[in-house]
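Each chain carries a letter (A, B and C) given by its place in the written order, and its residues are counted from 1.
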Amino acid sequence: MQITTSTEPELKEIIARYTRAADQRDGAAMAKLYEADAVIEVYYRGPDGMEALGKLSGAAQIEASMTTAMAPHPPLGWSHHTTYDHLVTIDGDEADIETQFITYDVVGTRKPEGGWPAGTFGAQGTIKPIESGYYHYFFRRTDGVWRIRRMNITHDIPYVF
Amino acid sequence: MQITTSTEPELKEIIARYTRAADQRDGAAMAKLYEADAVIEVYYRGPDGMEALGKLSGAAQIEASMTTAMAPHPPLGWSHHTTYDHLVTIDGDEADIETQFITYDVVGTRKPEGGWPAGTFGAQGTIKPIESGYYHYFFRRTDGVWRIRRMNITHDIPYVF
Amino acid sequence: MQITTSTEPELKEIIARYTRAADQRDGAAMAKLYEADAVIEVYYRGPDGMEALGKLSGAAQIEASMTTAMAPHPPLGWSHHTTYDHLVTIDGDEADIETQFITYDVVGTRKPEGGWPAGTFGAQGTIKPIESGYYHYFFRRTDGVWRIRRMNITHDIPYVF
């Protein structure tokens, strides 16, 4: 494995932008991170091995998935897709990063008509981890620009579409 | 955007020290990360847009906020301010980093007078995410030292002081 | 403190591999990250100061601990050892990194005999933070290879073995 330190920040920025686009349900921002014919494969790693959950082929499907495959945020709702402990491999114009991920569901409490009760202090709502697993991003550099050409999402727990 | 890889570790160290100072409620350690006239603005991004929650002006106010705006830890209590998926921009002696954040509340279970019951195993207590949102740090380098000159904290859920 | 940016990715990779080995309960992969006579000390930082919980001496003990000190995953179970906000110090062939950590317990829901009920959507199971604290890794480079020579694990909440 060859580490090129100037490349690593660029790749991690793509992952950071992935999390923002997913949380904003912003298909256009998401699609821009991928090559036009990129493929995302989604798996559940269960007791009987890897179970394929779905596949997205091409930037148009990836863009659409932000509204078709992901539920819109409820009122006062938000999410955080978060990544951890990146394993980075860089080899010339090819690279890949595997991360742990956890997705948090965030729902705020609506302010009561008569205002917050006396003694209320701090953040009002719930923040709950709802998904976890591994992202594996495969990148390629073309004309000096790194993009995702392939990605595997592996869930730890069963996922129903 | 220009990435200077030798600078990025220095900026991330400031963020790591921010999380430690916040968890230790250490006003002096926190204030040292900021310029003397730095400003922190706190927002809630709600259904009606950005709502200003508060503002700290100057290192003295920032130092004091660790004891005035943050509750002390209860017995056997602790916290973890954690950051994720940094978006880094560096331009000469100016830089900024946006992170996702989650704050965890940690409360240990007190050991019973008669000792732990038979069969007790593992960590005893609760770890709960209580706040989430985005930190946006704006840095400036003066005489070779990077400090925070401005910071926006944006909460996902309503926050009551 | 001297930052050598080409070294930092190598050290962070060791930490990322630590989290993977812990989650896979893979003693051989874990032991490879340490020097042959490495020492791990485990503490609980409680109201009365630091309480020693245990000590592992040498790679053989470290390897064995993945099956003796850690519970095997239950059916449909998994874990995520995650690290945050690294404080990095590099000095020639010596280095250390302190991280915050949270360990998540993951348990999937088993698919019902008759299939998932109508209206089921998303990930099925629970993801729960069960441990938190600080990892402090001390590294040494020998013959060009970085390994962990000493590690302190400090828990925030009481831990019963």
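Note that in this section a residue touches a chain if its C-beta (ideal position, glycine included) is under 8 Å from a C-beta of that chain, and two chains touch if they have at least 3 such contacts.
Please read all numbers here as calculations on a predicted model, not as lab measurements.
Engineer: For the chains other than subunit A, what are the connected groups under the touch definition?
Structural biologist: If we ignore subunit A, what remains holds together, so that there is one piece.
Engineer: How would the subunit B/subunit C interface be labelled, same or different, where same requires over half of its residue numbers to be shared?
Structural biologist: different
Engineer: Quick one: report the Å distance separating subunit B from subunit C, using the average Cα coordinate of each chain.
Structural biologist: Computed from C-alpha means, the inter-chain centre distance equals 23 Å.
Engineer: Residues of subunit A that contact two or more other chains, please.
Structural biologist: 5, 84, 129
Engineer: Sort out for me which residues of subunit C touch subunit B in the complex.
Structural biologist: Per the touch definition, subunit C meets subunit B at residues 3, 5, 8, 46-47, 71, 84-88, 100, 102-103, 129-132, 155-161.
Engineer: Would you pull the subunit A residues touching subunit B in the complex into a rising list?
Structural biologist: Residue list for subunit A touching subunit B: 5-6, 9-10, 12-13, 15-17, 19-20, 75-76, 78, 80, 82-84, 104, 106-111, 116, 120-125, 127-129.
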